[in-house]
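In what follows, chain A forms one complex with chain B and a second complex with chain C.
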Partner chain A sequence: MAKKIVLNAKYQNKNQKGKKLKKLFMLNRKVFSYPYIAFLTLFVIAPLLLILINAFLVNGTFSLQNFVNFFTESTSLSTLSDSLLVGFVTTVLCIVIGYPVAYILSKMDSGKVLVLLFVLPMWVNFLIRTLATKTIFESLGVKLGMGTVIFGMVYNYLPFMILPLHTTLSSIDKSYSEAAQDLGADSITSFLNITLPLSLPGIISGITMVFVPTISTFAISELLSNNQILLFGDSINLKFSQDMYGVGSVMSIIMLLFVLISNGLINKFQGKTVDEARRNLW
Partner chain B sequence: MVKKNFIKVFSKLYLALILLFLYAPVLCIIIFSFFNTDLFTFKNGFSFEAYTSIFTSSKSIDLWNAIGNTAFIAVIAATVSTVLGTFSAIGIFNLSKRTRRAVKNINQLPVINSEIVMAVSFMVFFSTFAFPEGYLRLTLAHIAFCTPYVVLNVMPQLTQMDPNIYEAALDLGANPNKALTKVMLPILKPGIISGFVLSFTLSMDDFIITQINKGNTGIETLSTFIYGDAHRKGMEPFWFAVFSIIFVLILTILLVINLKKSSLKENKNEKI
Partner chain C sequence: MKKFKTVCLFVALTMIFVVMGVLFAGCTRYDETLIIYNWEDYIYSKQDLQVDFNDYYLKKTGKTVKVRYTTFDTNETMLSKLINSNTVVDVICPSEYAIQKLLVNNLLQKITLQDEEPISTLDNINQEIYSKVGNLFASETGEVANINDYYVPYMMGTLGILYNADIVTEDDLACGWGLLWNENNNPALNGKIYMKDSIRDSYAAAVLYLKEKGNLPAGYETKSVQELINDTSPTLLSAVDAVLKQQKSKLKGYEVDFGKQEMISGKVLVDLAWSGDAMYAIEEAELSGVNLEYFVPETGGNIWFDGWVIPTCAQNRAAARAFIEFLNQPETAVKNMIEICYTSAVDKDVLAENQDVVSLLEEAEYNAQEFFADEVRYPNYADVNLGVMKDFGTNNTQVVSMWEGIKGSDTNLTALWIILIVLGAVMITFAVIYTLRNTKRKVIKKK
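After this line comes the complex of A and B, so read on.
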């Protein structure tokens, strides 16, 4: 009996020791994140804060002049409108071209493997692909301009539209549209009333994955229009290389707002599809 | 029935058309790399001259330097990001709920942010605090945008992990360090590996951040070298050959990886 109690005590003691160890270790493991938190503060937050500060600085004093400059200058406004136009047209074209692709692929048995073929070109550096497209245009004698810029953008970002659409479309339960057809709807009605609304999250994530990158790209529009058309991304680079940090920072903040808004939209409409799509992308 | 067949054929045709659109530039470059031309013409006849120019052109030294720089930065960035990201993920996982969410949100910023904004913010940051120009700036910037992806890859593995396994190791007498290296890290291995591969490719593929942060040091990676040269002087046969090699390399590597992955998945499904 006594032996048992002693053993029990020993066991409990050991258990407590284990708990203490565990507790200590939990603390330890938390500590693992501290260097990274410092790293994030230094290399993610501080740079963005500096941009924010620069946007409000003119000759070392606080001022809103940079914002006034941006919104009254005709060149920067035309950059903004050009970017929005190219972004809008590219996004619409990507939906129009990409939706049928994703839809057909989702109906096929081998769709999951085939979709890879549509995604593969994305892995080749965009500069190389853009230069290749440019060479085609030059060989065919096509005049570089707005048309070629939009072509290049669609070519670059179409996979970003197809992937999230394919993910949502193939996850829709087939029995829904089958039920609709059993109940007498023709295939067009069942598509419009069942498939299309259910694929809305994929459309939204596709839009944000195409629109924001399109207006923020650097070099594509410059290369495909021989420097005639500068989009937002090119323009930010230009401002900073001309030492106009103030206006450049204002534009960066506007860009960042676009990014945050689009990310909020994605999160609102089912963040899962995008996460999944991103995981498939990489 | 006829209508159904028609739709089937039509949809296959559509897919083929879009694939052609996506691959046409790649195919054209590869075909014309054998005709020693800077535009798409056959007039110079079939030859391997473009390919030999990779070794004989005045640009070849710069090209090899650029490839070396790209690999050097990618190896360092991927290694540091993987180590930093893995331990950080374990740390973040053990934070209190509220702090964890905050850190995760900040970790998300470099992932969603547009590259150009990140690039200029790094540039302003580096010049404000007078970081020496060159490899230091480039590797730090690459580590900064790669690490969040490693964290994102390791995190799901941690959430899926059965905490009892780790506790069992402790109960069976492993000290925490041993439990970490012998139990935890092996479980996290798939996430760590995919994090490493991802950050390596992201670093190699990066153009915007490198271009804006390389300064006047003359350090070129493959993408900035392509931009500088092909942009200024236009495409030359030399580039046709280089691009073709890159295309074929990347596409075969990816095809092999993906086919292997899907066949593995199928095997697993069959077993179940």
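After this line comes the complex of A and C, so read on.
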């Protein structure tokens, strides 16, 4: 195969344009990547460019006014801090609930099947799940507000925390903690010194998979609070629907910054062991 | 290998031909196309519309026409699409302030040009609407009744309060707009009130509430309803901000779509509503034994008109004009009214005299006399206390910011901060224990 490619290359160099063109339309392996490239350009790169351009446009001319507007507006900033807070609380709750679950499941032989049970609700569309949650709260007479929003967030994003944790925890070689216990460590010490540090990549990827989506959610906060709570995602949505594309784009860029930062964090923590990085996500 | 490629090519080509064949088969049946750009659910059944309008057009011109129906959900979506992109549509149905904005941007054609015959059914329209909207926007542009040459009224409605008459008492109702603030402190209503998740409508309700209570800032008392609901000066804005924040504790929330349903099922008792939605909810609720009613408080309210316009990008002007003519026939108007519950701009006397209209109404189980006498459906257009809202213009940014402040208000934040601090404390304790254990181990190692 390799020889053939080399030959092809030589052949191509010698020949004229017509043949190159012919080559372009031949069915080779590259052809199968074109749909994906087209998709990527149309739905990922083009929108990002549009956001970037819109952020610097005010009435058709280049300006930094949108940034000034956003950073001097106390309501937008407090919305951002609210969202960060909700994101933080959700993430912490997800770890607190998710880690023990993942730990216990990784110890059990039937763990894989039980994990499936946690993933099962994810096969139902999240809007339907959220609407169902809302109905349950209303029939129980719970007042919709911040509490219910956080419940909804945790409920929706918990699987994203459990899955990476479970993968990492169950791939830790048992002999490490066995060795620690042989050497006289009690189970708490062996957990804190062996299992917890080794499961750090799982924790980090779990955090990013929960935190970033949480601060940009808008449907959950709208539905589970009857529109009484406005998070960053809602605010961006409102800006675009009110034809304030400039400020909306600035806010989207800030969102993207959070994504980039958390990606950077993942890479930093997982760069250490390539082996670990491979199995971190799921 | 080569054979395989040939087969692939052949299969691909066949598929393309089949798809194209299917597509073209759909297109060739009609001589012309009319592209309509309208609100969602704002006309009677689309299938019937295609058949009815095609028949009408065939009789008028001898040509068949395909109706392509596209929709928008807010005036703002429609405006930005028309102003910022090269959309091609033949006829649009915006609200009055959006028509004005399109007109200012030079995006509209006159409904009737000099060498054209006037649209025959235009006389059916209630002339009071023309004079109200015409006068309003004339004072702004300086040209009298300018806007009236560019649109034909379609539907109208008011903003008011939909309430559950089984539970809301006479005393509550006496509060007028105060009902939305539960001014009478009826314990049954707390947490059972919905506001609209729409800036313009909630703003208008708050301003009218201020006027009703006599709490308007100094200098605003003498202004008319019309001027007040369009005023977004900082003084009034902060007064509105205060009352809307104060209202929040009484509310169940803000809605735009699910309020009707919850009113019908009795989960919510008071809702800020548009008249058409209210009429629909009242009829539906009757079937399930819930008694709903709708009123516009005496202080005043908001009245709005939607009308058909022909944009400069229109490619089939003749069909667009024929469509407007078709819509203003009494039978079409009443079909639309039965379907969408808003009030047609066609004059009620013209409708009431038409025998087809009466039989259509009876078919839909309405009493024609009651139908036309209903004050919710036919308010007094000339009433000065019914104001028309205009575009907020350059102040829009401030209004949006105020609205965000209201919806994102910080009532629950203190509780969250406490949780955060507790969690922080727990984490620090864990960290301390962890480090202590580590140092212990190090000590053991050294031995």
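Just so we're on the same page, the second predicted complex is superposed on the first by the 227 of 282 C-alpha atoms of A that agree within 3 Å, B and C clash if a C-alpha of one lies under 4 Å from a C-alpha of the other, contacts with A are read in each partner's own complex, and residues count from 1 in each chain.
We take it that contacts are C-beta pairs under 8 Å (C-beta built on N, C-alpha and C of every residue); 3 or more make two chains touch, one makes a residue touch a chain.
Computed from a predicted structure; not experimentally measured.
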item: Partner chain in contact with A:124 - chain B first, chain C second, else both or neither; value: first
item: Per-residue contact with chain A, leading partner among chain C and chain B; value: B
item: Which of chain B and chain C A:138 touches, first, second, both or neither; value: both
item: Contacts of A:264 with chain B and chain C, given as first, second, both or neither; value: neither
item: Touching partner for A:75 - first (chain B), second (chain C), both, neither; value: second
item: Touching partner for A:229 - first (chain B), second (chain C), both, neither; value: second
item: Footprint overlap on chain A, where chain B in one structure and chain C in the other make contact; value: 26, 138
item: Residues of chain A defined as touching chain C within the complex; value: 26-27, 69, 73, 75-76, 78-79, 82, 85-86, 88-89, 92, 138, 143-147, 189, 192-193, 225-231, 234-235, 238-239, 241-244, 247
item: Of chain B, residues touching chain A in the complex; value: 11-12, 14-15, 18-19, 21-26, 28-29, 38-41, 84-85, 87-88, 90-95, 103, 106-110, 112-125, 128, 140-141, 143-144, 147, 149, 151, 167, 170-171, 176, 198, 201, 205, 207-208, 211-212, 222-223, 226-227, 230-231, 235, 239, 243, 246-247, 250-251, 254-255, 258, 262
item: Contacting residues of chain C [partner chain A, same complex]; value: 5, 8, 74, 76-77, 79-80, 191, 194, 197, 199, 248, 251-255, 267, 396-397, 400-405, 407-408, 410, 412-413, 415-417, 419-420, 423, 434, 437-438, 441
item: Interface residues, chain A side, partner chain B - complex; value: 18, 21-22, 24-26, 28-37, 39-40, 43-48, 50-51, 54, 97, 100-101, 104-105, 107, 112-114, 116-118, 120-121, 123-129, 131-136, 138-139, 155, 158-159, 212-213, 216-219, 223, 233, 236-237, 240, 245, 248-249, 252, 255-256, 258-260, 263, 282
